[in-house]
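Each structure below appears as C-alpha cells.
Shared chain: chain A. Partners: chain B in the first complex, chain C in the second.
And now, the complex of A and B:
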C-alpha cells in the first residue's frame, strides 16, 4: 500500500486540491504520445467498425458466390474475395466488430466473476481464503487452450454465447488472484477496521468501501485482459474452434491462410486481418500500460 | 527444505487426481465410445448391448473411472477409435517430436533473453534499452499464431530458407547424419518463431530484476571495496538476477503447451499439438483424452519443478 501513501503526499505538496482519478488518467495519456495515438486509433476503429456494420448485412456477406471465387482486390471488391466468393472487406468489418464484442463481453464476465471471487476470498481470509485459492491454483494449471477446444468441440447447440461462456469459465482466475491479494491488504486498513467497529455488515464494507478503492486496479487489469482476450478469441477462431464460419471474426479470415496457396499468393485475404489484430492489441495494450502508470504514482510521467 | 518438498507434493497429488476426474468426465460427455466405427449395421442390437456390458461401458461412472485410471497408470491409454491402434503407440513418435521442439524453443528463448535482458538492465534508459523495451512491448502484444504465419510466409515461402511442413525430409535413413540435419532444419523455424514471442516475458523480468539488484546495499559495498565493474556485474548482480529466471523454467512448460498447438498446426509439424487438433476434427476422442491428460500432468509437474527450484533459491517463498 506504499503507493497510495506516496500518492497522497505528492498531491499535498504540489496542489492543495488533489486531482481526480480521471484527470490523472487523462494527463498520463496525453503525456505519453504513443498511448494518445493508440487511444485515438482505437476510438476511430471502433466507431468506424460499429458504424459501418450497421449498414452491412452479415447474412449477405457470408453468402457463397461461386462466380467470384478468389477475386483479387479491385473495383467490385475493395479487398477481393475468399474461397467462397465472399467479400473480404465486409468480412473484415463484421469480423472486427464480432472480435471486439466478444472480447469486451468475455472481459466483463471474467471481470465480474473474478472481482467478486477475489473480494470474498481476500476479505474473509483464513480457511475460506485457503480453500478458494486452492481452487484457483487448480484452474490455473489446467492446459487452458486444450480444455477450451475440447469443450467447444463437444458442446451441443454451439453458439456465440456458449463460446463466450466456455472462455469465461477458464479465464476468471487471474483477476481473482490479483483482487484477492489487494483485498487482503485493504481490509487491514484503518477505514475498513473502523467501519467494522461501527457495526457495518461485511457485505457493505466489501462492496461499498473496499471495492471502490480497488477500482483503478480493476480498470487497468480489465483493459490489459481485453487485449489478451481479443488475441485468444482470434487464435481459437484461427484453429477453427471459435466463431462458426457464418459469424466471421478476424481469426476466421486468418484461418484461410492455413491453406498454403492462400498464404503464398492471396495476401489480401489474411494480411489485412493480421494487421488489424496487431493494431488492436497493441493499442489496447498501450492504453492499458498508460492506465497502469496513472494508478501508480511512482511510475507516472505526467 | 524437505518439509517444503513433501508439503508441495501433498498439493500436487490431489491436483493430478482432480485433473484426471475432470478429464474423465469430459471424456464421458464426448459422443462415441470404443465400439464406434467397429459396428456392422447388420449386427443384432442385443449383441452390441452384450458387448458394451462385457466392456464395462454400462457400469456406474466411478467404476468406469477406476478402470480407466488403473489402465492409464499401467500405460494403457485405450484404443484410438479412428486408427484402431493403442493410443500409446500413436502418441509415442509425436511425443518425441514435441519434446525436441520444446527443448529447442526453450534453448532459443534463453539464448535471446539473457543477453537482451542483461543489456537492457545494465544500461537502462540507453538507446539499446529503449530498442529492447520496444521489442518486448510489441512481442507482448503480438499473438503467436500471427507471428508464426508471417514467419512461415517470409522464411518458408518467399525466401525458401526453411521447409514448410513435416518434421523430416522423406527418404532419409533414421540415425544418419543427413537425417538429424533435416530434423534440425524442420525444427528451427517453428522453434525460433515460438521463442521470439515467449522470450519477451523473460527479458522483461530479467531487466527489472537487474535494475532492482543494482540498487541493493551489497552492490554499493562491492563497489566500495573496489571491485571492478565487470566483477560487480558478473559475480554479484547476475548471480542474484539469473536464479529466479532459472526457476521460471517449469512455468514455461505451461506456456509451451499452448504454443505448440498453434505452431505445430501452422508449420505442419507432426507433434502432440497437431495430433490433438487432428483427433478433435476426426472425433477420435480417446486420443484427445490421452493428449489432454498428458499435457495436464506435464504442466502440473512444471509448476512443481518451478516451486521446488524457487524454494531452493529463495527460502522466503517456502510455504508454511
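And now, the complex of A and C:
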C-alpha cells in the first residue's frame, strides 16, 4: 500500500518536470542490467588502461630481451613474454590504450566530417545534394583494404594519428548518408521553415535548429561506430596492415597467434588480447543499444 | 497605393519524370490570383484543401518561389523570381500546426527570442524582458520561459507561435489556418486574442482558413479559391448575403446552424444547393473543371463567370 503511494508521487513529479535527456539515458541503462554491467566494465577498463599506461614506458616494453623469451606468466612477468622477451602485460595495457585511442579518434573524426557533410547535403538538397552524394558513392566503391595496404607501405612512420586519419578517410560516408537522410526530413518541418521567415540564415538554421534535433541519432551512431572501429583496427593489425610490433595494439598481440606454436602452447600471448577485444566491443555495443532504445520512447524499458 | 497587392500570382510546381528527370508537367497550385489588402484589415482566403490558399500565403512570406506575377508590399516588390528568399521583419507568419512549428529542442525563451536575435541587438537582460512582455501579451505565464514546447497544450503552443510572430512588431501577419488544429473552445480563445492584438498593434491579417464560420467572424474581405483560382471575392456582406457562384453557395450552405428547430429546413436547403450544384456545374466551370476569369458584379464583388456572348 505504502509503496503504491510513493509511486504515485513519483509520476506526479515526472509530470511537473519533464526528465532531461541524460536522466532518460541513465534510467534506460540502469533498467538494462547488461548495459549497466557493460558501462561499468568500460569505465573500469578505460580508466585502468589510461591510468596505468601513464607509468609505463612504451620503448622499454618493446625492447627485445633475449634472456626472457617465451616466459610463461610468473612473478617477473605478470602475463609472460613473447618471442622477443617483451612483457605481455605492458604490451596489453599500451595496446589497449592505442586501440581505444584509435577507436575514439576515428569515431570522432568520422563523426564530425560525416555530420557536417550530411547536414549540408541534406539541408540544401537538390543539385548540391546530388553532387555531394555522388562523391560519397565514389568513396564507397574504393577498395578500402587495398588502399590501406598501400598506405602502410608508403607512410614511413606510423603513429596513432596517421593511422586514424587513413581510417577516417574511408569511414565517414556511412554517417554522412544517415545524417543526410534525416536532415532531408527535418528541414521540411515547419520549425525550420518558420526560422527562415524569422530571418535566420541557412547556416544558423542548420547548426542551431536542425542539428540539435539530430543529436540523439548522432550519439547512438557514434557509439555503435566506436565498437566497429575498435574491431576494424584490431582486424587490420592482425592481418599485418596496422601497427608494427614497436607500437603494440590489441591487433598486433592477436596476430602472434598466427604462429601455430603460439596458438597451441603459449596462450598467455594472445588470449588476454582476444578477451579484451571481445569485452570492449560487446560492452560498447550494449551501451549503444541502450542509448538507441532511450532515443525512441516506444522501445524504452526504463 | 495598396498595402499589399498581389497581381496575377502563379505558383507552379514542376512534375519531374521520364528520361533524365525532365520536367514533364506542372501542378498549378496557384494559377492567377489577384487581390489587395488595406492596412489594418483582415482578408480571408478560403478554400478546400488543395485549393492553393496556403501556397499563396507561403509565396507572400517567401517560402514558395513565385512562377509568375507580382507581389507588392507598400509599393515595393517582394520575392522577385530567381532570388533567394528575402525575409521581411514586417511580414510574419503564424503556422498551421502548433506541434511541428516549434522546435522541440528549444526552450520557449529561445523560440520567442529567435527573431529578436536576428534583427535586434539586445542584451540578455533586455531580451528576457521583451520575451516576458510578449508572453504576457499572449496570456502565458512568464514562468514558462524555461519550459520546452512539449510541456504545453496545443492552444498554448499556438500562442507561443503568435508571440514569436509579433515579436518584431510586424505590420502584416499571414495566419495559415491558425486554429484548425485546435479544439473549438481554444479556437475562440486564440481568435479573440488575435483580434485584440490586431487593434492594439494595428495589424493586417491575411487569414487563411477553410472554415467559413471563423472567416465570417474574423474577416472584412474574403476571397474564395478553388483549384488554384479565385471563384469569388468581395466584402463579407457580398459573400455571405449574396453568393453568386455555385461553389460559394455550397460553402455558405454548409455552415452549420446551432438552432435545432431549423435543422430540417437547413438540411433541405443544403440538398437544394447540392442539386443545383450538380445541375449547373458545367455553367460555372470550364472543361477542365477550373473556374473562369473574374467578372465584376458590383464595385467590391467579383465572381468567376463565363464571359457572356
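Everything that follows uses one rule, which is that the second predicted complex is superposed on the first by the 283 of 302 C-alpha atoms of A that agree within 3 Å, B and C clash if a C-alpha of one lies under 4 Å from a C-alpha of the other, contacts with A are read in each partner's own complex, and residues count from 1 in each chain.
Quick note on the criterion: contacts are C-beta pairs under 8 Å (C-beta built on N, C-alpha and C of every residue); 3 or more make two chains touch, one makes a residue touch a chain.
All values derive from a computational prediction rather than experimental measurement.
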Partners on chain A (chain B, chain C) - clash or fit: fit
Per-residue touch tally on chain A - higher for chain B or for chain C: B
First (chain B), second (chain C), both or neither touched by A:38: neither
Chain B versus chain C as contact partner of A:237, first or second or both or neither: neither
Partner chain(s) touched by A:153 [first = chain B, second = chain C, both, neither]: first
First, second, both or neither for A:199, with chain B first and chain C second: second
Partner chain(s) touched by A:212 [first = chain B, second = chain C, both, neither]: second
Contacts of A:53 with chain B and chain C, given as first, second, both or neither: neither
Touching partner for A:252 - first (chain B), second (chain C), both, neither: neither
Touched partner set for A:144, first chain B, second chain C, both or neither: first
Lowest inter-chain C-alpha distance for chain C and chain B in the superposed arrangement, angstrom: 7
Touching both chain B and chain C, residues of chain A: none
Complex contacts: residues of chain A adjacent to chain B: 134, 137-138, 141-147, 149-151, 153-154, 227, 231, 234-235, 238-241, 254, 257-258, 260, 263-264, 270, 274, 277-278, 281-282, 285-286
In the complex with chain A, residue positions of chain C that touch it: 61-63, 85, 87, 89, 91-93, 95-97, 100-106, 114-115, 118-119, 148, 150-151, 161, 164
Residues of chain B defined as touching chain A within the complex: 11, 15, 18-19, 22, 26, 29-31, 137-138, 140-146, 149-150, 152-153, 157, 164, 254, 257-258, 261-262, 265-266, 276-277, 280-281, 283, 288, 291-292, 295-296, 299-300, 303
Touching residues on chain A, where the partner in the complex is chain C: 18, 189-191, 193-200, 209, 212-213, 215
